[in-house]
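Listed below are the structures to be examined.
The two complexes that follow have subunit A in common; it is paired with subunit B in the first and with subunit C in the second.
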Partner chain A sequence: MAVTDIAVVGYAQTPSSRRARESEVQLLVPIVTEALQRSGLDRREVGFTCAGSCDYLTGGPFAFVSNLEAAGAWPPISESHVEMDGAWALYEAWVRLQHGDIDTALVFGSGKSSPSIPAEMWAQQLDPYYLAPLGVDPASLAGIQARALLDAGKATERDFARVVVRNRRNAKDNPNAQVAGDFSVDELLAAPYVRAPLRKHDLPPVSDGAVAVVLARGDRARALCERPAWIRGLDHRIEVHQPGMRDLTTSASTTLAARKAGYDGGPLDVIELSSTFSPQELILRDALGIDADSNVNPSGGPLAANPVMATGLVRIVEVAQRIVEGTASRGLAHATGGQVLQHNLVCLMEGD
Partner chain B sequence: MVRFGDMSQPRLVESTLEFPYSRTLGPVVGAFLAGLREHRILGIRTRDGKVLIPPLEYDPQTGDALEELVEVGPQGIVGSWTWVDDPTSKHPLDRPFAFALVTPEGADSAMVHAVDAGSIDRMSTGMRVRPRWRAEPHNMIDDIACWEPTS
Partner chain C sequence: MSASTSKQNLVPKENLVPKETLVMEHLVSLTYSEELTPVLDRYVDALIDGRIVGHKCPSCGRVYVPGKGYCPICVVPTTAADEIEVSDHGTLTGFTIITPVAYYGQTETEPFVYASVLLDGSDSNLGGQEIVGVPHDQIRSGMRVRAVWKAKTDRSAEGVSNRGWGSVSSVIDAFEPSGEPDMDRAKYEEHIF
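Presenting the complex of A and B:
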């Protein structure tokens, strides 16, 4: 039976920046405090804590342990960590809450890309024999995916630019965005390629940032929040790792995750997609069956701010916040992991 | 009172991360990389008769254990590709090149690899390429140094 009484009741995020002066834990401390304060939950009452981050970004094994300082882990707390986007930390906390013995959880995701060379670092997450030795960077794989879309006749470079124009315009209303403004499609198309057929604006910015969420169940959620953002369905699915063994122009795992999360194709007031490269928004819309005039990425999405390991959890917060504040009743958030949409998570949320 | 050193100056800590193990690559990846030494490209046949490249020990769709290695190529066809104007220090070539999905003749999937075409103008989807072999093989995927246009 689907569990539908777990809700987002508190949240906070840092502005996304190209180079934060603070350490990762220093980014986390104020937003963990803010998310807890927003929900009115005392730190000592948190039943379970789960974090998502990437040791490769920090450059040290077990770097994630120091992030626990932000949770105040003394006296000892019950906690876990995923070497994944914070959206998967939320997934683990959501599963943990279903045990029924606790009714609150704290989740956070954080990443600082600025100390590393992301194009070189991310190649290390790929198959160590067939891909990593070639230094295949995320933008190159996204370029291959983009051309596959063009070759299949599913999109044009103008479509990619339109996605960027809309996201950057939306980002003007998002105080946490890093890239925002009014641009024209023709202006963008005049820019040089960086990974043809992708131009720099088709790529996400390099970002530092963090996000925190408080989850609660049932009556506890109602007590902590006037209008909780109920998680009606949450599912994630993964596809084959080798990019040459699947159709890069579709996202079968997103379609399946959405179905398993209970998304029935009905109306959505807000949709936040982890479309890290502009062509991926077109692929994800298609995979989810979302109309062109839907309210996709009102925050500006990852093209406006991409604090990796927080990016997916930020999508959940952007949807949850609109439900809590009453400007949306039903929304869908998407997170992704791996390369070129290999692994996808869908979170369906509703207000009362 | 305990006093620490001069806290006004940043402290530099150098550390080198290592993975100091040698690994045996098993009957499939090992055979594939050994094949490259002899300028042979090996794929693996799935139960439904398709040939996967690069070869995997298990069928990613069904989980079936796979063992029938099949020689493919050496020529291949470029599926999708992207042009890299400014290679990183980790890329296989130090001049502009393409990353591409290359399907060797006889295979039903593609491998990601580099194509040394000199100029983006020589690249096109569907173009024919052949492997350029590394002079001194070292049992890595870049024993195929890169692929190059056949014409």
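Presenting the complex of A and C:
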């Protein structure tokens, strides 16, 4: 049984931007410092550090090594890296904390999508025999997923547009969002397709950004934070790599991760989903059994800001922040990896 | 690359098929484009002007060339206010003599040197520098070197990128022996890269 007294006690994130001129590590230095300062923890006291980023995205082998400079790695520290969203770095740190010999951890996720051509680069994430040589990009796969949803009669294009309208409206209150504003469903539906049946607004923006989190356990968490955001459950599940071999209109791995994380269907004050393409919000709501009137993505979600490799960890921060600040008591954050919701993580958090 | 003999040994004999059905060529080309970071923008302007400029950490005093915009030891930001000029003379702290293998994209055909140079006044090495004017078998750690600058009209920002360790190749062709006596190892052993 997992330990349930590990909490988020500090956090910081950069605003999401179309193109940050600073290097990835320059984006990280101020927010890692801010997250530590917010928790009151000296960086030399951190028991374990774990980062999530993608060298393909940065365009340099071992780019993740220089990111570590934001944590101050001299004298040597105990650290690890995942070539995954920062949410999985948090997962590794959470597992590490359960060993019981340390009581604090620093986690960060960062990504600059601006230097690469995302459609060209992400095709390399697919199998090297059939799909990568075709250059199938994430938006095309999401288009296939959206089409499957329409064909199954589970949603309409109007439903997709409604998701966008709500997320962009929510993003107006998020200073870190990149896309925000008031739009009407009809206005959005008048736009041309970019990957039928998806329109540009159904796709996330191309973003640069970074996020950092400080974790602590037990009494240390209570000492560092007046109202820690306790991680009551954390689980991730993965599905088959080949997108053609699964039902893209459901997310069995999300359902399973939520159950294993201990989500019992009870009330949630805040839900943050890594619904990178608008139809995915409908799939994830369905997978989690979340009502239409639930408070989903009050930040605007990835449709408003999508700093890839940080996007999932940002979801955890958006939930944790509301718990720490006392505007929410219980929340659920979701992160995703791979193409069209292949790999999913669910983090259930509560305040005291 | 063709299937190696050792790989073929892993396949039972009856399953062996002609090589051409096993091999699929899939060359991947990925494009990245970005502006230099503001810190490197200033660095390259100075370089073209003939000055090598780094950042001096306001906390520990270490000098990084090029500047990083922060000190990785102290984790404090550094800015244009922390800029400091260093010498174009330095010490070769380490090197590799590379015998090129004909992999895809390799243009070198003869053995060449990759050296790390610690410029006087800097605490960080310039990596991957070419060394000229000395036979390869006489290159040694501690050797004193100086920059061979390109003519001012031939200098460009092309060789400086946000990746890697601050190449100067579009401004400085190589480093050559300066004729000064070798540096005492104790003076650079904390700076080997």
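By our rule, the second predicted complex is superposed on the first by the 352 of 352 C-alpha atoms of A that agree within 3 Å, B and C clash if a C-alpha of one lies under 4 Å from a C-alpha of the other, contacts with A are read in each partner's own complex, and residues count from 1 in each chain.
The rule is short, and it goes like this: contacts are C-beta pairs under 8 Å (C-beta built on N, C-alpha and C of every residue); 3 or more make two chains touch, one makes a residue touch a chain.
Model, not experiment: these values are computed from the prediction.
Aligning the two structures on subunit A places subunit B and subunit C in a clash. In the superposition on chain A, A:I238 makes contact with neither subunit B nor subunit C.
When the two complexes are overlaid on their common chain A, residue A:A252 makes contact with neither subunit B nor subunit C. Applying the stated contact rule after C-alpha superposition, one finds that A:T33 touches subunit C and leaves subunit B untouched. Once chain A of one complex is fitted onto chain A of the other, the partner contacts of A:P133 extend to both subunit B and subunit C.
Look at A:G60: by the touch rule set out above, it reaches both subunit B and subunit C. In the superposed model, A:S116 lies in contact with subunit C only, and not with subunit B. Once chain A of one complex is fitted onto chain A of the other, the partner contacts of A:A146 are limited to subunit B, with no touch recorded for subunit C. The intersection of subunit A residues touching subunit B with those touching subunit C, taken from the two complexes, comprises 59-60, 117, 120, 129, 133. Those residues of subunit A lying in contact with subunit C across their complex are 21-23, 25-26, 29-30, 32-33, 43, 56, 58-60, 63, 69-74, 112, 114-117, 120-121, 124, 128-129, 132-133. By the touch rule above, subunit A contacts subunit B in their complex via residues 59-61, 117, 119-120, 123, 129-131, 133-137, 140-148, 151, 193-198, 240-245, 248. Put simply, subunit C touches subunit A in their complex at residues 24, 26, 28, 30-35, 37-39, 68-70, 72-75, 77, 162-164. On subunit B, the positions that touch subunit A within their shared complex are 15, 17, 25, 29, 33, 52-54, 56, 60-61, 79-86, 88-92, 99-103, 109-114, 120, 125, 140-142.
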